[in-house]
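Scrolling down, you'll hit the structures one after another.
Two complexes, one shared chain (chain A), two partners (chain B, chain C).
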Partner chain A sequence: MIGRVVIALLVAFMTLPTVVVVIASFNPTAIMSVPPAGLSLRWYVNALTYPQFRRAAVNSLVATAAAALLALPIGTAAALALERGRLRARNLWTTLLLSPLVVPGVAAGLGFLILAAALGLLRSRTVLVAAHVALVLPFVARSVWVSVRNLDPTLERAAASLGATPWRTFRRVTLPLLRPGLIAGFLFAVVVSANEFVVSLFIVNRVTEVLPVAMFTYVVNYTDPTIAAISSLFIAATVTIVWLTDRFVGLAAVFRLDR
Partner chain B sequence: MARAIVELHGCTRDFGAVRAVDGLELTVDEGEFLSLLGPSGCGKTTTLNLVAGFVEPTAGRILIDGEDVTGRPPHARGLGVVFQSYALFPHLSVFENVAFGLRERRAPETEIHRRVAEALALVRLDPHGRQRPGQLSGGMQQRVALARALVYRPRVLLLDEPLAALDKRLREEMRGELREIQRSVGITTVFVTHDQTEALSLSDRIAVMHRGRIEQLAAPREIYERPATRFVADFIGGSSVLRGRAIARDRVELVPGLTLRVEAQPLPMGQAVELAIRPERVGVGLRGGGEADAEAVGGRIVALTYLGAQTEVSVELAGGQRVLGLVAEPAPTPLAVSQPVSLTLPPDAFIVLE
Partner chain C sequence: MKLLLLPSLVVIAVFAAALGGLFRYSVLEFVPGSLTPGGFTLANFRAVVSAQYLGYVWDTVVLSAATTVLTLVASYPVAYALARTPSRATRSWLLILTLAPFFTGAIVRTYAWILVLGNAVVTWPIPMLFTERGVLIGLVHFSMPTMILLLAAAISHVDPAYERAAASLGARPGRVFRRVTLPLSLPGIVSGSLIVFAWTLSAFPTPELLGGGRVKMIANGVKDLALDSFNWPGAAAFAILALGLTLGLLSVVGRLAARPAPE
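So, the complex of A and B:
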């Protein structure tokens, strides 16, 4: 009984901020009050027609797609190398590659900015995509790594005994069996990259800025519920992706941290 | 003279400081069913992996069909392997599992369909094979694995404890079928097992392995009736081994006052000898039961193991050495630990170990 109450309070505490944002987005007036004075979709119209949001949404889509598609093969190669390669200090490499960035986002962002300046890539999207790849890689590598660990090596021996070359074995046996980890890793990369703000803030300008940065800029200048509307849309998209991940593979498998 | 299909010449394999296989010499003839029999860690699976190419020898050469394949990767050796864990591909249907080797050989689609259906019929499975392996029972999965290894007609079939994961009844059924299929296909087969019954019932020849070496290589009957070493005698059939000294051409003294008559090859006079005797050859009688048998020796029961149809009796002789005997159940008189008994040890039942 007490356990149930504690859980309910915790869930309320964790989700309440999200809930009030969604409620506030339906306010008919320019004030973000809870409960709302009425119900209106005018701020959704505003959010969807605001040019800077539209541009930022396209930028986000491009950066996130590129980062996720690049991180997938790199993360898969890393996971296979960590599990199968002849490595000295395997545990150290595993910890480094599979742990999300522990340094402050500001420090990482600053680092990417300095590097971009040094390479003369200040206005390029290359640095943005590279930064996102670095940030999402641990998530991709970890989910694939879990699948690699669950893969019975005898299956690959069996394929070899049946005449499959190492490459054919990889194509016909290894890769299909890593599918759950690959799907989970990809969806995670999408969620993490789409929500990334601090590092992106350092390395984008008005033309290349991604949606979280555009939203931040909007809040600095305006206070109307448009920001609540765009936030609600963002939340809906993220929830959909997480739900898909869970349906395909189960999040438990992805978050499993034990060796 | 049968043709040699698999040859191992001086094969040695080390894993770190451990020598898993030690200077192995072995030839498997065409169409032969050869078992590698031994306890876990004896090197039998490593030997199989050497032939399959999963493991490379530290020293020595491996020939298949007269061709040196040492250093050649497993996919280029053209062998069929059945694994203990079946190792069926869970993401492919039964049909595609069996078709795997044919697709790797780029066989035409019509031939794939014909040969897969034939192979599935051979192991008495539904020739359509639409199910996933996970939907099948253990015995059926093992049949799929066998069909998958046979469908492209390999030169050699390697079986790594293929029956070990099945329950007893199914194992016995599959054992008979395996032998039948192997005979009808006529394929040279190397079979790894730790189960002496499997080895004795299936094989043309058995190689009993111990510590990376072959202790004895012979036909099942010879392995059972004339074990060459103490290890083989002990591992096959659970023989008792008695140590003593030859005091005549046909007499062995275990301890002063306790001698046995042995009808085997002439014994080396004055030297220490080891004798093996199988439990089923040992007669167990109650002492003083009126059988005035000159060959009987006295002892005392130290352990009884009830096995259903019979009871295994461990008897300690004067001097402390033990002999195992079998008493058919139900026993004529109840047996008890520490009860004195007389053992009849027929002189021709002894095997002199080298």
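So, the complex of A and C:
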């Protein structure tokens, strides 16, 4: 009983900020009052009509779509190679592939900034997309790898023995069986890229900045709940995606909690 | 099959090139007013070990240690429930609630804490926003999902039969936990703590926004140098210090994880 109360309190601590943000976003006044003085959508209108947010949203959409669509095939290929390739230095390759996860954001961000300057790409989105691909690749490879490991090779051998060409076997047997991992990997890539902040901060300018950077700038300069509105939209999108991932693959499998 | 690795190696090579640039700039001279660095120098690393920046490092280590301890204590009960609940639905919900903040993004989460900590009614009589206490709360909240996942994975590998055996031999629940569950989940505790500590060492948005310029961790120093003073060489040297601390700690985790678990 005490245990349940403790767990409920801890889960409440974890969800408290989210709840507060959603409440604040519907608050009619600029300074949050408890209980709220009424219901208002003015901060949503503000968030959706603020030109810099609109521009940043388009930039985020472009960068995230490009990063996720590039990382999906690259990560899938890597997962197949690591599980099936009989590589001599498999552990080394895995470590290399996961290495962007352990490099501090400011180090990677400054590194990409220096790279962009060296290549004369400070004004383009190229380095931004390249950085995002590197940052989401570990998540894609990891998710797809779970599916590759669970794939029974006899099914592919059966297809081949019935006369299917290797390409046909891949398309009609392997890919459909990998679908949960592919979907999870793609959703992960979208969520991680759309929320990426530290590295992006270093390599964007006012024209190419992505949504989290625009939100950061807004928080530093203004105190009204416009950010609460846009945060609520972000939270809604994220919860939907996490829920979908759970439906498709089961989060327990992705995080190796399955017994 | 091996060729399939090639595209990802290209990505890793680009990432390595970025880090290579970082290392190169760290030993080049800062020319004030110019983004183009001068010749070879070790002055950047000497500047990094000056009193101001060592102060950032000290604050970072203290905050990270406090964050690790508090995160561990707050995460264990949730992880235990996650690993042991018999109900599929409860497990799913706990997992979604645990992971949702993990995926909400640093800015949204940090802004949320500005609202909570900046609300005088909530925190009275202790001021929280723009203090180390406030930053600490934000960091613990930030680290909990990671810690919970690592602990839950470790606890779910502890066979509940051991706990039942201890209980049937007369051990009370507290004793079962202290003498059986806790020691058997120790690998998860150790790796979870080291990972949280290493990640907190390079925390950026939380101290930047919740610290309001009054609390500076290493990453905030790097950002100030790089984006406000345009001192890329100095920032690179400081970033490499952060990188070294983080990778050093994580390699310890790797070595511990590689050891066979105690029977």
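Here is the rule we use: the second predicted complex is superposed on the first by the 247 of 259 C-alpha atoms of A that agree within 3 Å, B and C clash if a C-alpha of one lies under 4 Å from a C-alpha of the other, contacts with A are read in each partner's own complex, and residues count from 1 in each chain.
The rule is short, and it goes like this: contacts are C-beta pairs under 8 Å (C-beta built on N, C-alpha and C of every residue); 3 or more make two chains touch, one makes a residue touch a chain.
Given the structure is predicted, the values throughout are model-derived calculations rather than measurements.
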Partner chain in contact with A:176 - chain B first, chain C second, else both or neither: first
First (chain B), second (chain C), both or neither touched by A:163: first
Of chain C and chain B, partner touching more chain A residues: C
Touched partner set for A:28, first chain B, second chain C, both or neither: neither
Which of chain B and chain C A:154 touches, first, second, both or neither: first
List of chain A residues in touch with chain C within their complex: 3, 6-7, 10-11, 13-18, 20-21, 24, 32, 34, 73-75, 77-78, 80-82, 84-87, 93, 96-97, 99-100, 102-108, 110-115, 117-118, 130-131, 133-134, 137, 141, 191-192, 194-195, 197-198, 201-202, 212, 215-216, 219-220, 227-228, 231, 234-235, 238-239, 241-243, 246, 251-252, 255-257, 259
Of chain B, residues touching chain A in the complex: 52-54, 73-75, 77-81, 83, 85, 87-91, 100-101, 104-105, 148-149, 152, 158
Chain C - residues contacting chain A, complex: 1-9, 11-12, 14-15, 17-22, 24-25, 35, 74-75, 77-78, 81-83, 91-92, 94-101, 103-116, 119, 121, 141, 144-145, 149, 152-153, 156, 198, 201-202, 204-205, 209, 218-219, 222-223, 226-227, 232, 235-236, 239-240, 242-243, 246-247, 250
Contacting residues of chain A [partner chain B, same complex]: 152, 154-155, 157-166, 168-169, 172-173, 176-177, 179
